[in-house]
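Can you keep this structure in mind? I'll have questions shortly.
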Amino acid sequence: GKQESTAGQGSGGSNDIKIGAILPLTGDAAPLGDQSRKAIQFAVDEINAKGGIKSMNGAKLQVVWGDSQGNQQVAQSETSRLITQEKVALITGAYQSGMTIPASQEAEKQKKIWFASVPSDDLVTSRGLKYVFRIADTSSMRVKTQIQFLNDMKKKSDIKSIALVYENSSWGQGVAKYWKEELPKNGYDIVLNEAYDRKAADLTPVVSKVKNANPDVILMVSYVQDATLLAKGFKQQQVKPKAFISTSGGTADPQFLKNAGEDALNWFDVSAWEPDVNRPGSKELDKKFVEKFGTHPSGEQIKEYAGIYTIADALERAKSTDSDKLRDALKASNITSGPTVIYTKTIHFDSTQTLPDPSLVIAQFQKVNGKIERVTVYPASDARQGANIVFPYQAQ
Amino acid sequence: MLKVNNLSVHYGGMQALSGASLQVFEGEIVSIVGSNGAGKSTLINSISGMRKLTSGSVEFQGQDITAVPAHERVGLGIAQVPEGRRLFPLMTVKENLLLGSTIPEAKKHRQETLDEIYELLPRLKERENQIAKTLSGGEQQMVAIGRALMSRPKLLMFDEPSLGLSPLLVKQLFQLIQQINKGGITIMLVEQNVRQTLQIVDRSYVLENGSISIEGNGTDLLNNEHVKKAFLGM
Amino acid sequence: MKRFMPLLIAALVFLVLPVFVQDDYILLACINIFLFAYLATAWNIVGGFAGQLSFGHSAFMAIGGYISSLLFIHLGLTPWIGMIIGGIVSAIVAVLIGVPTFKLKGAYYAIATIAFSGGLLTILNTVQHIGKIELGASEGIVVPYKSDATFLDFQFVEKLPYYYIIYVFLAIILFVSWYIDRSKLGFYLTALREDEDAAKALGINTSRVKLYAAAISAFFTGIGGTYFGQLTMYILPDTIAGAGMSVQMVFLSIVGGIGTVFGPFVGSLFLTTIGEITRVSLGDSIPGLHLVIYGTIVALIILFCPKGILEPLQNLLSKRKERKVIDGRVVANQRSK
Amino acid sequence: MGVLLQINDLNKKFGGLTVTKNLTLSINEGQIYGIIGPNGAGKSTLFNQISGYIKPDSGSIVYNGKDITGKPPHVLCHEGIGRTFQIVKPFGNKTVLYNVAVGAFARTNNRKAALEKAEEVIEKAGLGSRKDVLAKNLTIVDRKRLEIAKALATEPKLLLLDEVLAGLTPSEVDDAVKLIREIRESGVTILMIEHVMRAVMQLCERVLVISYGEKIAEGTPQDVTQDPIVIEAYLGGEVHA
Amino acid sequence: MLQAVVQGILMGSVYGLIALGLTLIFGIMRVINFGHGTFLMMAMFISYFGITFLGLHPYLTLLIVVPVIFVIGYVTNRWLIQPVLNKEQDVREPISALLLTAAIAIVIENGFLALFKADYRVAKTSFSDQTIQLGSIIINTPKLYAFFLCAIVTVLFYLFMNRTEIGRRIRAVGQDRNAAKLMGISVEKTFSIAFGVGMALLGAAGVALLPFNQLYPAIGSLFGTMAFVTVVLGGLGSIPGAIIGGLLIGIVESVSSLYVPYTLSPMIVLYGFLIFLFIRPSGLFGSPHDW
């Protein structure tokens, strides 16, 4: 016999609703996990300050953290612990798709909601699990946006040959899979298909290969440290295609801007959100973030932030922490106002329980007042006012 | 000069020495004879500090050195030419010799001692830059002796120096030992080559089953019935 | 039989534990302890008994896990059989690697095994498919979740079946290990570990005996890979073939008592529990702190009992001194039979 | 009685060092055959070649009518060649019984049979009271006995003994001599390296003297010890009665 | 191709320097230091703090890094590893010491994580992004500097080992520790010095790496495995082996990536190494009788 956790207000006189959050808090993805942790806590604090879940007597949200250590077994064990020991109402996480896939399966077995705010691997929601929801933009969505962008740019200067450079974990490979499917359909030639280990100490060989392939466009997927190595490498080896286009993640990380911003001048990056994006509430949130943490939030942080608001919205409507009620509430989500519009116009879920149409944008690393910034340049509706697309690529 | 009291040593559970006692006076050549495995090396190693004692004590020049670690005993003037020579195989002859004088006192006189040794053993000077492991057995033995002398010891202990040497070399070796002794260094000699040893020593101890069974001067022992039977094959 | 009392008690306690503890997390924690005890015990057959320090055993887990899962996905073959096939392939691979590598000694062998498993990991992380068979490269393979799974599918909603399966696996490997230890093979392994030359003189074909040990060890490790795959339902190269997995097996064995039958089990019981406790109690405070404490505990164990905790533990249990000093002569205490 | 071991023109060099040179010898079944010679003469190296630890550079070793040159030690053990090591090699962390049982397993796969056999051999070797002692805790005498017992447990036809008497007191030597005789009585041919001349004189029917890897004399112990070359090279240059 | 070879040599020299410390410690103490990568991380952190807080030139931080990490190494050996070694005195390759270094590594790595967070840090230097063009080859300046630094340190280390009293003592202890004791050399102290020197070499490698590498607590694992492979390839305990092994691995890694995806180049290095090992089980310069 297993105990179904009952509604939050019933348990132990405490009025708190426990939300489990599993993240890579140690191990080599720890910097990313730490950022998510900040964003989640930030959103939770905001919601609690505004009075918690009103339909549940103002119940406060309380996050219970689990460290996946970037290890699937630990992620799974933490899931089990959060559910049975901590009796959390639902779980969010686990940043990395590789951890999310097995951990959410564990949650599914125990009939707990797994709410994925960041994991982008299509597998997360394509397995037909009943209790897994996602608001993250998936790899296929990002690829679509990138190709749309390419098609538009082609009008300015012809683009034919493309080099794919991506890190070799499930994330990079997932994206590459769609590139390889979609690019040829759209009339592009893949002239180089280069995967690398993101932990490699040195990426000069990759850079050299790209240089030899001499593509019109370089498409990339990378984490922070490898993105930094690539940016420096391309600049040093004077690789000059018509465009560098990255796929968020590492390049969207504030640390990348800090460590390699100069080198990545005029690179493009697809992302879910930018500090300067033309959406209501966005500037204000950005300001609060900078005040609190000293850095702009990353797209991933915004997704975590929006994720918590989506969860709160569902709790509000479900008036319960019962998994099935929550699931119904989540399925019925249709949020078009409030903080989540910072991320996307409407939060709703399709039949696979994933957000079908996140508002993706393309930002470009540009120099503004002598400082490198990510400037949203595409699509025009979201673009920063007065921003211009620099294309084809110009080195400094 | 050296006083060993009631020494016992164990290896794991096996007792190698049980209550051995002996004395060495300044300027003497004293030998320890005994069969294979009698505990001769163990005795020497206990004196030089290489072996932990189970019980007993070692005094050197009136000072109890039982607790002094091996590398510090060198500084007190105890040197050893170990069984099997134990040269530093990948180093040159000269480096091996220099390593003999790492203690501050010896280091001061390093060049001087080195010259003396080269004079005593001219062969070493010739081979100064040869790698030790490529030397012949006899040459290696000379390096081992030279190296021990480099620390300017007061007491020099030899553990089976004749092992693996041709009869001719053995004869020369024994002359060398006597020569070193004349230079004022007290000698303790462990040998299986009982007959020749007993001919050059002042006094000798017989070690059997981990303790001293007989003590006496060289010629006395040569004529001792037990010694004759056990070690001289008569 | 007195020596086996603690073991029997432990076996009984764990057998009935789920009756009292119905918490899935605790069961999962126990499953992890058992799984690692199982893996470490399997490792110990070659790493401990034969004294060949392998740092690449995760390779065999990967082989076992991949093979059974692929057979399940593509041919619908039950993992129970796939597991045996995976184990056999692991054993064959172990022999193939063993032939050249057992010539290597000490640290050379250790690093060679690191290189072998590191290379395999790279391949698994890179190869998308072999022919039509999807390997998924670093995305790994998802063991398809069947809502109508039966026992034959080796997947369960509840943790309880997993618990008893690994309980039985562990019992089997402990028995095998115990049996080997007292059989001819065990005598031969001990002999060659203590002195290879002397072993040869007694008619021991040392290279063949080492290969036997390697094959047995790899066979069971491969089966462990299948179990792991079925438990997590997801085979991710970095986890199943990663260095962390291999190192863990070595760690647990050394901490428990390398080369002993029950050392690896005790090691896992102790260390996996500590790992779990430190993570749970400190995991959400300062990131990394729990591992600092875990590492410190391991370091302390080594400092105070370099031979592992099994021996002092046994002494504690039997309250007997290993040796008695009689008449100044140390004589080994005779074991009471 | 036939020839059990025939060695023809054996040569072995280590780098520049010749350790076995043109060595020829033959040993009859049931003999006790001794090998003597100065330290480093190459006696143990010869054993290592016979028992398969070292491959000779040239020459042949014929045992029981079969050419066994270059065969590995474990095969030779099963062929019936047992050996001891000059530097004893006990399995230190195991009991005497365990040590000997390892040897007994050469002829059986059954644990019980092996242990029984081991007990029997241990008794014979005079280690009966020590069978549950860890090998590393044995005295030197017992270690030598253990070395013999391990070899005996493999049921050899030819037993190679490398200085098993070294380090024994005269009375212990006498015991050991008796043991070796018993072993021979039970039908084992013995080839022994020994420095203890007293035992060599008592035991051996024939003796081979080698120096620098070369045969310098062969014959009965009496003949050999009278040989001036042997006295010069081995016995120390000083002839004694 | 040429470009790849040059790049390989530049990276390889750093691998070599890292391996040098490892091989020294192994050669002298017979301890496989599983914490090697972690100590490298520590050295890089010290250098990083020297640059950011004291405003030092990156290469000037050597003056801090080398002595500090030497002391850390010395103390680690003296108080942690040595006691374990003493307990396992007659063991040839003390396995519990190996485990101990691994445990120490876990503590240090996660201690740094707890103290300094997991952030990626880059030491911004004036020359970080400069390049030098030689014909068709473009070289990143800090890598070139790193190469020279490695070369200089290697030469200094060689002289230290062969021309100084201390170096001679270290070698003596490595070749025969008991004989060394009889020469009046304290083996414990010499071990500690050797460990410290090994760490100091690593410190130099860390300083060389920092200007073109990012720094985070887990970076050690990145260099750890390669360092082991390098050391064994060169022959355990062999100093020239470490350097040549490092260069070889650097070149193979770099050149092979011209022909296979870069992800597979570690596989080529590792399996190439294995095949090499089957042919020459003692590595490039290891003596076959030693192991």
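Going by the order they are written in, the chains are A, B, C, D and E; count residues from 1 in each one.
To be clear about the criterion, contacts are C-beta pairs under 8 Å (C-beta built on N, C-alpha and C of every residue); 3 or more make two chains touch, one makes a residue touch a chain.
To keep track of the chains, here are their UniProt names: B, D = ABC transporter ATP-binding protein; C, E = Branched-chain amino acid ABC transporter permease.
Computed from a predicted model, the values in this text were never measured in an experiment.
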item	value
Least step count from chain D to chain E, where 1 means the two chains touch	2
Maximum centroid distance from chain B, chain identifier (CA atoms)	A
Relative to chain D, chain with the most remote C-alpha centre	A
Pair exhibiting more inter-chain C-beta contacts, C-D or A-C	A-C
Approximate Å spacing (C-alpha centroids) for the pair chain A, chain D	76
Centroid distance [mean C-alpha coordinates] between chain D and chain B, Å	32
Centroid distance [mean C-alpha coordinates] between chain E and chain B, Å	42
Where chain C touches two or more other chains at once, by residue number	122, 125-126, 287-288, 290-291, 330-332
Contacts with 2+ other chains: residues of chain E	110, 113, 117-118, 217, 261, 263, 266
Sites on chain B at which at least two other chains make contact	12-15
Chain A-touching residues of chain C, taken from the complex the two chains share	22-26, 28-29, 32, 122, 125-126, 128, 136-140, 142, 145, 157-159, 228, 231-234, 236, 238-239, 244, 276, 279-280, 283-284, 287-288, 290-291
List of chain A residues in touch with chain E within their complex	26-28, 30-31, 33-34, 168, 193-197, 199-206, 208-209, 224-225, 228-229, 232-233, 235-238, 255, 258-260, 262-263
Sites on chain D touched by chain B in the complex	38-40, 92, 133-134, 136-140, 166-170, 197-198, 232, 236-238, 240-241
Touching residues (chain side chain C, partner chain D) in the complex	182-184, 187-188, 190-191, 194-195, 197-206, 330-332, 334-335
Chain E residues touching chain A - in the complex, by the definition given at the top	3-4, 7, 11, 110, 113, 117-122, 128-129, 131, 138, 140, 212-214, 216-218, 221-223, 226, 253-254, 257-258, 261-263, 265-266
